[in-house]
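Heads up, there are several structures right after this.
Look at the two complexes coming up: subunit A is in both, with subunit B in one and subunit C in the other.
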Partner chain A sequence: MSHRNKYVLFCILVWLFSCSQPKKDVKDKPHTFHIPVGFKHPDLLGVDSITDFKVKIGKRMFFDKNLSSTKELSCASCHIPSQAFSDTIAISDGVLGRKGFRNAPSLANVAYQPVMFVDGGSPTIEMQVVAPITDSNEMNMDYLEAINYLANDSIYRSWSMVAYGRVPDAYVFTRSIAAYQRTLLSGDAKYDQVVQGDASFTEEEQRGYDLFFSDKTNCSSCHSGNLFTNYTYQNIGLYTTYSDSGRMRITLNEEDRGKFKVPSLRNVALTYPYMHDGSKATLEEVVSFFDRGGKDHPNKSELIKPLHLTEQEQKDIVSFLHTLTDKKFIERHAVNY
Partner chain B sequence: MRLIINILVALLAVFMFSCKEKEDNITQTTKQPQGYTPTPYQLNLPQHFPQMPLPMDNPLTEEGVELGRYLFYEKKLSGDNTMSCGSCHKPDAGFSDDRQFSIGIDGMQGNRQAMPIVNLGYAQKFFWDGRSNSLTEQALEPVRDPIEFHENWVNAVSELQADPLYPPMFEKAFGTSTIDSILVAKAIAQFELTMISGNSKFDQWIKREVAFTTDELNGYNLFNALGGGDCLHCHGGTLTTDHSFQNNGLDEFLTDLGLGAVTGDPSDNGKFKVPSLRNIALTAPYMHDGRFNTLDEVIDFYSTGVHANSPNISPNMEFAADGGVNLTPQEKVELKAFLLTLTDTSFINNPDFQDPH
Partner chain C sequence: MKTINKFLGIALLLSLFIIGCKKEKADDPKDEHDHHHSDGTGTVSLATTFKVGTNPYSTDSTYTNGFGDDYKFTFVRIYLSGFNLTDHDSVEQALPNQYLLVDPQTSSYGLGTIDAGHYHDFNLTIGIDSATNHSDPNTYPIESPLYPQSPAMHWSWNSGYIFYKLEGVADTNNDGTFETTFSYHIGMDALKRQVSKTIHKDVMKDQDNPIQVTIDLGKFLTNVDFETERTTHTMNDMPLATKIADNAVTAIEIQ
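And then the complex of A and B:
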């Protein structure tokens, strides 16, 4: 083959290549995750590459009120971005004045959660997203109707054709909305800046930090690691009789009654009210609860016992917890520009 | 060798055909649903607000408003894709800029403060000097302004056209997937028209839902008292602006002619748009040139800093000859307390007004 012919062949190949992948730069641009210092890259479950475009599709779905039966609620109605994607009331309002039975958790760093729901009832975000949409006490939407809406909305339809090469279906819905949620990474709070040597605690915060990580309180036995949780299920003696059986709801194992997934404490000052049922309004109440050591329950964790903290020590811990608020995360996702 | 080339050409033809067919399929599927059936947008006007005179040539639709929101926060509209409208009309600054002068993509500054975006449907003229007659007209300007986005519309439009996000959204909002600058501006205008703030403490007080503190109530009375703060002539009513153009006596010698430079009428020199005071606590700095950093400075100016001999000073500045309304320190505290009740956090935090990208 002469040089000229090689050149022709090369040109043809280039042409073919460019032709077969139109607009590659825009539609396939991988999403740049704002991965906090010391955090690992979120596990993408190997499902799909997460592209900017898929995240945008998911974000539109997350804020789309058409995904509730009354067209009044979106995911963001109860996972309020400025509250680190949690709700400010104990039990969120569903459609038609209905109420669920648990407090809406923060979605910050949900990408790192090994299982979803406080009872671990859903193994992935992709599976979890279906639940609030279809729950009659939440968005009360018929799942087929929801998918049908997406498939017939010309915008979702076009976007989905470009991003996934298919008309919106359950796959596109669950992957997109999960893709968006996986981008919600929060790990640049004052605490992190202190750890990285870029800021310093006030005296009160420092004392709170010391207490938090001390054997005296044992807070960090469960609230450990970057996300301040070890993802175990614990009964903290919140009640002597639980109306919500917690983990037992999934395992049917009596030893799991009243056990709930240890929540991450990232942005905890914004995620009030607290506990699985939102029964504690303030951080002060929570700390005081742990100080008293909870009520008696056969499944209660051994670590929950009276701590005999002084009032000042309790204040110190609350001050420390406030340093876990990541304002940049809120700005990036709630009022980003 | 000729044979090989022939085969390659044939293959090429086949490939191109198949490739083209695939693209056609995509366009076809995207064009398939319903057609142009936009949903009228139900404007959520507070009950104590006057009717909003909406533009006849740009009816609000759900689809147009949504598209406008994407475009409002679209950085592709700026020359180097680093800025959007939201860069200088920031939600947490009441959709204005916390800097005295916004900085464009080339690091250059203008000479006017970015105006807050709030309740714009009641206005007939836009910009501090009123040089635009509609929101659509206004939205065209920052894009091509060399000290702001420094972009030409042909470029901006072709970037939007190439982004798979937009053609279907334009199709749905305007019945065409062919984008042009007017449609972009219309969509942005639609979005901006929905940005209504009417849930401040002041509004809740009007509706008898909350009570004012003594300071706030005294401040409200001062605000409306002739011989008190004397604010009501221009900033009276629920909207806190009469949408007129006035010279409030900032300077003895004008360095910015304002409305006069637009109309060419010397009797308009020094006049600027009377801004809404809604969310005033968030929209610092103040005045057309952002010269005052705090509300205290603003109140001090109206109290003792007014230049009576400023050309074309507004007749509403009744106490200009005395240098202003001469408030006592206590009155200043009260007036400020009232102004702080105009902050509407549900407005600036409304998820419908945030960046969708």
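And then the complex of A and C:
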């Protein structure tokens, strides 16, 4: 090869190399959150500083099907952005058609959850993310194999060096997915616009709002606050005999049998089907269930009793619940998947 | 050269003079009774021997339980922690390395450096203390036994470490085939157990001082019938898990 050709080849190699590495001056910076009015900053909830690169890594992981044993499933398979990060079936399909035993919850506003899982089995998002990745009925991945995959991927490696100053490991994995999930903040629904004086309910929605917050229904006793949940564990008399013991699975206390964490109702119109096992297909069925007062169970909440709602009143409540859909949140996090 | 040699010679003589004149430190009256302290430090290690009854342990070996069923182990991991030595005043001196994940293929584990001297009791925990048990495994360095393991030694769905896993196969119908799989995963704060023994250990300085521990896996399974009690992952069968946890204190013997 002539000297000139060697020089040209050298330049090409330098150019190629420089393109595959982050620029030396690439720096991370604190992530700018889109925080709804009246919501707390999620980075003040006792976690490490969330940065743009941590969110970027976490988002890539969230949609990465290589984190399942068959390379067919990612987190987003059961936490679909257009469904407010839940899905549309009672019990999601894991690898090889396997099934778990609970409905996939919405991840909208997960940053504000005090504990994870409907039974409170995991204290933080960071610790929870390991469960679906490794569960044999879900993504069925060997945890260290998953981390090894991340550590050997050039993009994860280079981004991890920027965000954490280290190659991917368990810490990078858990903090990154959690960082992305903490950006999923939803609080700009029609309901919020009405509260802020920028919109008006229809008559049906207004009646539904009044019923929801009334002593007649006591819906807001548990579905309270900005997130429409008080995060307590309640037995609503869904069954007389529960196959899933709920909170008791964690505490082993009989008084916790059949109790599940009250879910947030934000975006509830998108998170069907409903209940811990996805056994109620529509909001109409759910409202009808509460109107009837549930079934007998020794642990059932005293607030669950027949409400004697008319058919129109039930429709009104459903109309109000639709005003909790945050279309801007859906659009903001839409991903071609 | 002569000048240098003179200089070196004088320097050598001066050194010998200084060293020779160094007086022995007078004994502090307290030291007469403080016989467990000594100059210097030594390392302590845990030397483990796995067995099943009177038989040495191996994954190829077949053992027989108290119900007459033959069985083999296929996977064994045990968290031991809380290592300390106590002096004659019962003051505990924690060893620097507080957590070990013990397996039958490894026979020695460093516990760190400690003051040389005489110690009376050695204490350990089968399992993990509550605070650490509820900590995040993902925050530990990769070389720590508390870092995520494969196979997993932590429950992510009900956050906490699996104190020990004992898995294997058994022949419960005595037909010569190991058709029954047994799997015991024991954890939760209530099921950690303590083991202590007065061992009168002299930790010698500038050397390793092994403490022998025998682990009889068969004793974990005392009164455990593979036919009717082939599995517990603690939360799903707490009574069986408790029985195995109570057996654990007989299975781990400090020599």
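The definition used in the following text is that the second predicted complex is superposed on the first by the 303 of 337 C-alpha atoms of A that agree within 3 Å, B and C clash if a C-alpha of one lies under 4 Å from a C-alpha of the other, contacts with A are read in each partner's own complex, and residues count from 1 in each chain.
In this section, a contact is a pair of C-beta atoms (placed from the backbone, for glycine too) under 8 Å apart; a residue touches a chain by one contact, two chains touch by 3 or more.
Predicted, not measured: the structure shown is a model, and the values here were computed from it.
When the two complexes are superposed, the chain touching more residues of subunit A, out of subunit B and subunit C, is B.
Residue contacts after overlaying the shared chain place A:252 against subunit C, while subunit B stays out of touching range. Contacts of A:144 after superposition: subunit C is touched, whereas subunit B is not reached.
When the two complexes are overlaid on their common chain A, residue A:123 makes contact with subunit C while staying clear of subunit B. Applying the stated contact rule after C-alpha superposition, one finds that A:131 touches subunit C and leaves subunit B untouched. Of the two partner chains placed by superposition, only subunit B is touched by A:167; subunit C is not. Interface residues of subunit A, counted against subunit B in their complex, comprise 1-2, 5, 8-9, 12, 15-16, 19-20, 22-23, 26-27, 53, 56, 59-60, 63, 74, 76, 80-82, 152-155, 157-159, 161-163, 167, 334-337.
For subunit C in complex with subunit A, the touching residues are 134, 136-139, 142, 147-150, 152, 156-159, 235, 238.
Of all the residues in subunit B, the ones that touch subunit A in their complex are 1, 4-5, 8, 12, 15-16, 19, 23, 26, 29-30, 32-34, 73, 84, 86-87, 90-92, 162-165, 167-169, 171-172, 348-349, 351, 354-357.
Per the touch definition, subunit A reaches subunit C in the complex via residues 117, 121-124, 126-128, 130-131, 134-135, 142-145, 147, 169-171, 173-175, 249-250, 252.
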